[in-house]
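The structures considered in this document are given below.
In the two complexes below, chain A is the common chain; its partner is chain B in one and chain C in the other.
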Partner chain A sequence: MGFLKNWLSSKKRTKQLNEIAAQQNLTATLEENRSFLATIFKGCSDVVFHDFTIFGQISAVLIYIEGLVDKEKLDQNVLTPLLNKTGEPFSINTVSGVIPVSNIKELNYIEEIIDEISNGHPILLLDHQKKGISLGLTQLEHRAIEEPPAESVIRGPREGFTELLTINTSLLRRRIKSPQLKVKNIVVGRYTRTKIGVYYIEGIAEKSLIKEVMRRLDKIYMDGILGSGYIEELIEDQSNSLFPQILSTERPDVVVSYLLEGHVTILCDGNPVALVVPITLFSFLQSSEDYAQKFMIGSLIRWLRYISVAIVLLLPSTYVALLTYHQEMIPTSLLLTIAKSREQIPFPALFEALLMEITFEALREAGVRLPQQLGTAISIVGALVIGQAATAAGLVSSPMVMVVAITGVASFLLPHYPIGITLRILRFPIMFLAGMLGLLGIILGIIAIVIHLCSLRSFGVPYLTPIVPMVKQDLKDVLYRSPIWARNKRPHSTSKQNPIRQSPGQKPEAENEEELHSD
Partner chain B sequence: MNIRYLAFLFLLLNMTYLLTGCWDRVEVNNLAIITAAALDKKDDKTIELSIQIFVPETSGKEKQNVATMGNENTQSPTLVESAEGVNFADAMLKLQGKISRKIFWGQNEVFIFGEQLAKKGILNELNGILRAVQPRERANLFISKGQAKEILKLNPVIDRNSAESIHKLVHAHTGLEESIIDTLQMMNGESKAVALPWIEILTPQDGRSSNVRMPYIHGTAVLKTDKLLGKLNAEATKGVLMIKNQAASGTITVKPKPEKGYLSAEFVKDKIKLIPQITKNHLSMKLQVQTEAIVTQNSTHLDVMNSHDLAKIEKELAKGITLQIRKALDQGQKKWKADIFGLADTFYRKYPREWKKYKKNWDSLYPNLKIDIQTKFRILRPGMTTENPKI
Partner chain C sequence: MKVTLKSWLLLALISCICFICTGCWSSIEVNDRTFITGVYVDKGNKPGEVELTLTAPLPNRLVPGSLQGGGTGERSYAALSKTGKTIPFAIQRIQSDLTRKLSWGHTRVIVISRDYAQSGITPLLEWITRQPTFHIKTYILISPGKAKETVKLTPVFERAPSEVLREFANQKTILGATVRDFLLAHYADQGTAVSFLTMGTMPMVSEQGKKSEWAGTDGAAIFRDDQMVGKIAPEKARMLSWVIKQIKSPTFVFQSPVDHGKISVEFERIDANILPKLRGKQIVYNIELLGDASIVSADTKESITKPHQWHQLENILKKKLAKNLKKALVETQRLRADVLRLGNRLEWWYPNRWKQVKDNWPDVYQKQVFFEIEPKIYIKHSGLEGDSLWKFK
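Let's turn to the complex of A and B:
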């Protein structure tokens, strides 16, 4: 309770400064407003106060932050007309009338003005006016749209989100040209004032879901949001779970496919990763690539992934369990071969497996963080350590090298990094269980994981839908990848209210065959 | 609070097996993997248990030996060790005392009983094998000519060890395949007799490498209750295999009457139905044989593609099959008077009530049981050619 009190009071304390500013109206004297803002931006050397006289009659000040503003346009479109024109009767409307800038807003409160300046909008303040004018002449430096390296596809769009929210929004809007695509913006972070966009399609996404997402986002109150990872951790259902309950992706096409199924997407300024809610476990085992290939191929690849999940999770532990407890379960000739290769190995199978798996994980992590030039060096070292040298040194048997290698390959098959890392971590406790209790331990581990998965929910949707609870209609996207023409209904869990996706009977048929061949 | 509780529970759970020391973990490095076991009669009271252990160490060296010294002097990758005891369990314990590693029975699929011990009775030792945790009850059982231990000592060139050779032979279906559990079921069943594959040692004909001898399955041992009576030859074994529905493949060769040459056919499908009949206190048996085959050699003038000839061929072949089965039945009924085919069980299954009457007299009924064999033979394909090559 004490912590709650603290939290509440801290909220109050910081509110105070903002509240003062919010309540403060602009005054009619320019000098007063200017000095007030100057005190607020004291010590911010990048904030420019540019004083000048409009039409030769009235003094004004232009406030902006250097680097966030398109200076060229500011000079051409704002200063030039205001300085050159003379003799006209003065009013705030005539001022905004002569400025050829589309995005113009009139502001009344100091807080709004501070926000606008911080966001890179130049502010024009005039003498004798209780209103300020915000000019939408922002120019933010940004990265070009590139293919997201973590989610590359063979066949499909190569565009990925960037760090700018406006560009990301435009990427989505370009794909969904319907006014039904709604965007809600909120600002979080006491200092960072990060803009967060919540996207959904009205009429498909359920209202209760949108409400819940907004409620959770509204609850966030902290110094800063540095990325979607922060948001994910703050709004997910079970923060203590290893399993990701929110899908993160850098691909706009993936986001669009989820939006069309009634999911809600959260994008955060300054981060190219979108969050999709609600999500089920099986979404992590699907890739947008599945829908670029024929449905049979997509289905087969999906099953390959399911198998790889089992391999990543269970192969090393099964090997350890069989080798230390259930030697009778290994085919005779295989056991003899293994016995031969293990003869010189000084370690028990469990230790051997741990040694190799940890080495592999370390190498992999090192490879991810290192610059590319060093990456090749790591792979050479890795090949030596995991492969030849370890067996030659007599530390590890060659079947174990195979097991680790197969596990490694299988883990590369998982299309989403978060689920991959979860399974890779879970592999270790199961290995310990296998080393201590044999196959019984593995089964115990699986049971524990399944129980946990059954208890998980992502924004009200059970994590294992459509398997638990069983939703027959949605199995078409889990057991196999259904053909596009057969997906007549949207997923049950996210769009109950508007289930019809397309009209049935769209399977292509060669009806006009004769006509086609007639000439 | 909750987390602490869980952590405590986790610790407690861990203690249950860590503190009690009930950690059954055994590394493969500490196992003496048994590939085959043999039991022999030592003297009137004791038996000798021999095991063939896979030696992983030598296998690596062997490779080098082969490269440098040639084939002649290869070291055996297996080790045969034996111990005496009053019974299987006793001998097993003594054997463990001789071997540094933990004896591991889990992979053993071959149990061989020596001729002498089999004559004395094998049930007592089977009891011990069945009771022990590790040995597989699906392991195959064999009777060997002479000392069973000698079979283990063999070092066949083509296979890793003699156990593997025997195991492969079983799967080739040239002899019977009987597991421990099957054998016990036969012994405990109504027929009280069992047929087991008979192993002999084959000496290569070239004489060059007389030390390279191989085990092979040659005939069938006939056991009544659990005691060895005698042996069926390879020809009769074919019939036994057919009656027991174990003849996965086989070839039959006949000489059609007016012709000069022979005709051989290989079975593709071979099914036999035992139909017991009790009519007016009279027991009889009907054997329905259905065989489908491919012609593999034809040196007669009969044309397989001619339907008239074909009928004749099929008739001749059916006759051949009937004869083969009859031979086996005669051996079992007349010569050894042991119901190795499990005929009693078929009666019991079909007439459970009436059977009680005949059960006691089965020993006297069996040798004179009238068995009618009906064979249907069908040629499926003429082989790769339809006509006989002409000169």
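Let's turn to the complex of A and C:
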């Protein structure tokens, strides 16, 4: 039976050319190798086969993909010395000796050659040689390093990741100069052959975590990986949850701070978004900016964010619940003001809230997708819809406009987009519950969310750490932003085996004040 | 944890129960309710009947940003009145004429006519305690004539008459007795002192000089349990509110020792301590009156700034306060109404003794209770000057 199953499943896959060529060796005849590669790259007009004779003695072929290769350097550093020097004794070593290219590899298998060509490395094949030479003369067009627009800061580095994995790796390496920063590369995607880099610091990150990350990445087998979003969804613990369990960021400095705390980062070629695992809920409510300011300011802003989470999630539903069920809880004068403005409104409070919130979400989504020139048009329409005009039309009451506006402002305070969108979505079911059961419904909704959060894990770390389970020493980064000199230990959940971050007693003190003044 | 079909079914069942059994289907929009802010209770014309008047603000006539009603001079509140055999019956008759549902969550003041109060307010309290949304913090006031007349009160500074009365209580210018006080008094057969309103008319500038209704307070009505048994004068009522700390910065006037000039003092901080002591059959309450006063006016030619003169003034003031309080307490003893709820203090300090006397507490209060009043009053400031500037003329 098992055999039959295997056979059936293998039938289902259409065999790939590079799978056929997988273990095939190069042969000693150039003509044979050339024609074999030509059949493989048949119909790829951008693959160039350039035939020439080395030292006037031996025929050779240079294979490369146009556009991925630095042609100028190829001409100067490869073709010029090989064509011009004549009469020298021939061997594969002399050939590589006269080529002034640093990144040279000798290859034995057809599969390797195909991979190198696809990655933009020119291949030099020689007659009578069972080996090919790969020349690292790639030139990939890429975007300059820019500040990521979604994660801008006031005080902090302006660099963001780009689409090229090599540049991204160099951005990390520039910040962590220790050889302990390790990079593991794997290639996924049958057609896309996307290179994925896994970064960690040896000695801080736990070995079991690295193993688990590699295990989950190795499991991926599909046609193509088009971005880190694919990977995120394929390696998440609970794909059914609304809550993000992997942090995505475009900022190398954020990634470095997580690497130093023992997290693992996954970068994917062709995508500027890095994934950080494992992660807790509270990491989504922290911004790199918190550490650029004084710790008191950082702590206060962090609390402002916590309040805004409560507002995003609960304000519209609380308003609906109070207005439909618990009028006696509103102060009389406030209630009269609300009652006055609701006097002309034809809809129940729940419908009114849904109308406004959905409009707001639609406007927001429209603003994100539209080109910038149209963005101003959207903001004008938005100001009309969520503003005086809506009230004047008699469709919504002005307190409701205020509620929606405050909720909107609060949702902009969340530093990470994924958690923001989660909370924005969750407020709708809570609004329904509030409309049906009043405050009781809101409490039920909160209980359901808390139960769900308690059941979540990100790569083995409970999602609500350090609150549930309680880790006292890690509370310093949740309840407030601890001063840099007080952060003597790394977070417990990610670096148990190597907890000491810095030596204690680094709080600046004016010990040598007298010396300073005596000068 | 695996989410099984069973747990989904359980969740569905629990949500069903929540939807059906919680009684929260009674959602009513704000614009389908009318919020009663004041309840006015009178005796009906026929014996045994009660006349109920309710006031409610009219949100559609409220102009945001301005306190008074619309520009046309319309009032921004309505008053509805009906009689019935019982209070719920009267309410039902009011409700049946209304397009909106009555809501009691914002009732802040109940005005009871003297007649009704004298016949006992038990039916009213019984009805209130059964309403889930009715705040027992609601203030109770007694009107001299018909409670309904209070509605005519001209709200100059506030939006509605009930708000005027509520603000009276909030500002502690009157004895703010609440429903809660009545319930507490009921459980131990004690008493309550309630502010007694007085109504009058006077020309008001704000109403283009028209004669308008004006309300003030005139002493306090004394309740034993839930029946009004008497009334005491304002000066005494003020001392009672001092002891229950229901008064804010009271002003007192007394005469200077030599030339009998009038000296007014205002208290910045008042407090009172009550401690019961047993002396044989007698129950003696030691009442300490604490207060810091400052002189706001001293219309006297005497010097008042020397320490011994200063203390002399304090002593005069102490005597006056003690005398007034004593008079008030004796009055309550005569009416057998323990309005300060002193019985509770006895229960706290001497629970055994309380057990013996609690069954006929009104009698015990009248006969066996004695008072020791110790005023501890300090005059701390003399305002911006010492002796009167006019002293040397």
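What we mean here is this: the second predicted complex is superposed on the first by the 500 of 519 C-alpha atoms of A that agree within 3 Å, B and C clash if a C-alpha of one lies under 4 Å from a C-alpha of the other, contacts with A are read in each partner's own complex, and residues count from 1 in each chain.
Note that a residue touches a chain if its C-beta (ideal position, glycine included) is under 8 Å from a C-beta of that chain, and two chains touch if they have at least 3 such contacts.
Source: prediction; values computed, not measured.
Taken together in the superposed arrangement on chain A, chain B and chain C clash.
In the overlay built on the shared chain, the residue A:Ser455 is in contact with chain C alone; chain B does not reach it. When the shared chain is aligned, no partner comes close enough to touch A:Gly382: not chain B, not chain C. In the superposition on chain A, A:Pro491 makes contact with neither chain B nor chain C. Touch criterion met: A:Leu440 reaches chain C, while chain B stays clear of it.
Contacts of A:Leu336 after superposition: both chain B and chain C are touched. Judged by the touch definition given at the top, the superposed model places A:Pro122 against neither chain B nor chain C. With the contact threshold set out at the top, residues 323-325, 327-328, 332, 335-336, 338-340, 342-343, 345, 348-349, 435-438 of chain A are in contact with chain B in one structure and with chain C in the other.
Against chain C, the residues of chain A that register as touching in their complex are 323-325, 327-329, 332, 335-343, 345, 348-349, 435-438, 440-441, 444, 455. Against chain A, in their complex, chain C makes its touches with residues 1, 18-19, 22, 24, 26-31, 33, 35, 37, 57, 59-60, 62, 64, 103-106, 108, 133, 135, 159.
Against chain A, the residues of chain B that register as touching in their complex are 14, 17-18, 23-29, 31, 33, 35, 54, 56-57, 59-60, 104, 106-107, 109, 134, 136, 160, 164. Looking at the complex, you find that chain A touches chain B at residues 323-325, 327-328, 330, 332-333, 335-336, 338-340, 342-343, 345, 348-349, 435-438.
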